[in-house]
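Labels run A, B and C following the written order; every chain starts at residue 1.
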Amino acid sequence: MTGTAWREIILRSAPLLALVVLIVAITLLAGLADAVTVRRVILSLVNVVAVVGLYIFMGNSGVLNFSSVGFMAIGAYVAALLTMPANAKGMFLPDLPGWLMVAELPALAGPFIGGAVSSILALVVGLPIMRLSGIAAAIATFSLMFICYIVLGNWTSLTGGQISLMGLKSYVGLWTACAFAVGAIGVAFAYQETRWALALRASREDAVAASACGLRVAALRLGAFVLSAFVCGVGGALYGHFQGTLRVESFYLDPTFLLVTMLVVGGMRSLTGAVIGCLSISLLTELLRLVEVGVPVPGTTFTVAAAAGFGDVVLAALMLLILIFRPNGITGGREVLGNLARTWGRK
Amino acid sequence: MNALVQIVVDALSLGGLYALTALGIGLIFSVMRLANFAHAELVTCAAYALFALSAHPLVMAVAGSVLVAVALAVVTERLAFRTLRSADPTTMMIASFTVSMLIQKILVFSIGSRPKSLDPVPVLSQAVWIGGAQVSLLKLVTIAVCAVLLLALTIFLRRTSFGLQMRAAAENFTMARLTGVRANAVIVAAFALSGVLAAVVALLFTAQSGFVQPRLGVPLMITAFVATVIGGMGSLTGAAIGGLLVGVVTTLLQAFLPPDLRPFREAFLFALVILALLVKPNGLFPARGLKERI
Amino acid sequence: MTALLQIDALSVSYGRISALRDVSLHVNTGEIVAIVGPNGAGKSTLLATIAGLVRPSTGTIQFRGQSVTGQPLERTVRRGIALVPEGRHVFGGLTVFENLKLGATIRRDRVAVAAEIAQYMALFPILSERRNEPAGQLSGGEQQMLVIARGMLSNPALLMLDEPSLGLAPRITDQVYDLIESVRQRGVTVLAVEQNADRALRSADRTYVLNSGSVRLSGPSADLRGKPEFEAAYFGLGQAGADK
């Protein structure tokens, strides 16, 4: 390859490199912090995986998707059931089929198999649903999330139903979470550089014109949906193994809205927007939590503390303000450093 | 026979509540293409107003709750949605989520998340007999109130000149403005009306459930939202019929699913929703002029 | 004498694309003025800017001596400007009668409105026949009549028509222009945009030729008819000389 070609590739990858540096820097910094902060950072990194998974479909296709939390739940339960020790399963889920009862795969196989099962289900349900656009698509994916929630919450023999599933192997530490976050960002970036993603973004701007150009919009969307479900499934598995316990309630309305809001606040149409949205809302949440716990005023013995629940109010208000003043998100839907290739690459 | 009467009463009263909620959502959507998830909190806050005024006569409590819901609807429009009118529908929808979240969190923060019990209309808790079947008076009243409100709304939209302006704005907002229809007046009126509908729903719903908590309106709103989409987003007839339909299907599933599948009732409902959308992506009564927007 | 509508040095751009460049024109009370030009000349943009749908980047629009730039859309018709947009925007789901009633949204004199609606129904019996049917079911020509009648019901001083003959059969086009002439008889000034230059030159008192966003030629229609300069301006030939 010639020098200019390499230069082009490096410049095009600038957003990816910037994001990886950001994630690694956060991880390094968190390594110096106390145990509570470390846990919050791990959770943020797991959320990065989930929001990036959501972005892969929503960002490239422009179609609203509320089902990602459902795929996270599937990934989480699959990973848990396949890796939990048999005796723990025997305690919580005495009615499991025999083969599943004895299955005890290595922990790290969990996220990948969980993601794979999610993506297979996404392929099956996406086949018809990907023909829908706009509000119909939003409601159909919303319905999917509901169906996941209701089925998992009532399939007592398999999931324990409304009771929590405990005793998941806890292996999701700071660097594991970092590695998966970087991996998810890498997958999303690699995907958006493909010609399928380019075609999908063309259909986002004008679906009719794209179809007229011979693009098979439903098939393109399906591809992104399946990949998105895989990454979300991985995110769900990490979430479960980070918490150590699983409840279906963790995969219902609140996280659905939170993840979509993170994406939209950051800027739904760019990967940097997805990551920045997720990290900035995580940071805000953390700061507001500190305010609720109490902040000592320097030089005095006073601490300033807000009443419990106040942080949630401020967080919701801030998210609304961001949307009102930056309707296209913090990044405005552009890749940060994405102009490098265009401005310098031509020389 | 008795069972049949009960099922019909159940289906119509549930469907009526969904229809009223769906109309509240549909009104806003038809004039400004906003899928207003914060409609849930109009219902919730109206219910809290009923709770707060429960020591006063019913008329005052109802008037107070209507006032609260209308004021809240108009304030959310003015502070949040007006500035986003030209934003794309996704952003508007997400903004309505955050408005919904914000109000919920304020309620949790100021009142607490524990349910408060109330019984706004105790008279209605008795049962009446229809042709040998025992049915709850409350459900019959619910059906009657829903029917009266649907009729009143139809007359308002069909027979008054402001109703005509609202329908024109729903069909082609820009053209309506060019004929002199005042955009802000129509949109504020739509929000106020949705507030009135929400307050009525709050009264009927809390009379059944007997309590209020910060997320009271959320499940109602979600089901009603689904109903508007099935009926045809932007079509008010569609919203009303979609609401009734969802109520009827829910009741039928509850009545006729085998007992061990009943916990999955809503999964069947939402699977039917997806099927309905695949067959008719624009709903049963597709609205006109959905694409035209400023 | 001041013109009813006076436009000076008007420029409009959509992002980087400039749609109108330094357009100046005027319309006197009682005139029928036509603006002709090929597709993409900026004709519709001009009407949309006068109506307040589009904001100009520079220039002024004065109506009855008052500036109308940057006003909210619903004020346009209250000032006395009615726009009949391209593509016959009837409210297809509302009945014919409701469409006519909407035309009089800004009026309070109900009796006079009812009388005028009756007049239009007498003029176009089909509107009367179908008064309670959805307007979307009318034919293209019938819809055009309905939209013009709807515009007239606001009692405007200036009626602006965007491509009134677009997609209509020649016989129907003649009817539309008869209606426009009768509009003028009622003392209403007319500004019409037309791609059909021939038709416009026959009916308008004065004509402006717009091409690529600029006025290339203007004058009394009778003077322009059949002139080689007219065709050159219309098709954008020899532009350098034409805009002098």
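Everything below uses one rule, namely that a residue touches a chain if its C-beta (ideal position, glycine included) is under 8 Å from a C-beta of that chain, and two chains touch if they have at least 3 such contacts.
Computed from a predicted structure; not experimentally measured.
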Chain contact topology (line, ring, star, complete or other): line
Chains linked by the largest number of contacting C-beta pairs: A-B
Per-chain Cα centre nearest the global Cα centre, belonging to chain: B
For chain B paired with chain C, centre-to-centre distance based on mean C-alpha positions, whole Å: 43
Whole-Å separation of chain centres (CA-atom averages), chain A against chain C: 53
Inter-chain centre distance, chain A versus chain B - centres from mean C-alpha coordinates, in Å: 32
Numbers and ranges of chain C residues touching at least 2 other chains: none
Multi-chain contact residues (two or more partners), chain A: none
Footprint of chain A on chain B - complex, ascending: 35, 80, 83-84, 87-91, 93-95, 97-99, 101-102, 104-106, 108-109, 218, 222, 225-226, 229, 233, 263-264, 266-267, 270-271, 273-274, 277-278, 281-282
Contact set on chain A toward chain B in their complex: 62, 64, 128-129, 131-136, 138-140, 142-144, 146-147, 150-151, 154, 253, 257, 260-261, 264, 268, 307-310, 312-313, 315-317, 319-320, 323-324, 327-328
Residue numbers on chain B that touch chain C, as the complex places them: 161, 164-165, 167-168, 171-172, 174-183, 288-289
Touching residues (chain side chain C, partner chain B) in the complex: 51, 53, 72-74, 76-78, 82-83, 85, 89, 91-94, 98, 101-103, 105-106, 136, 150, 154
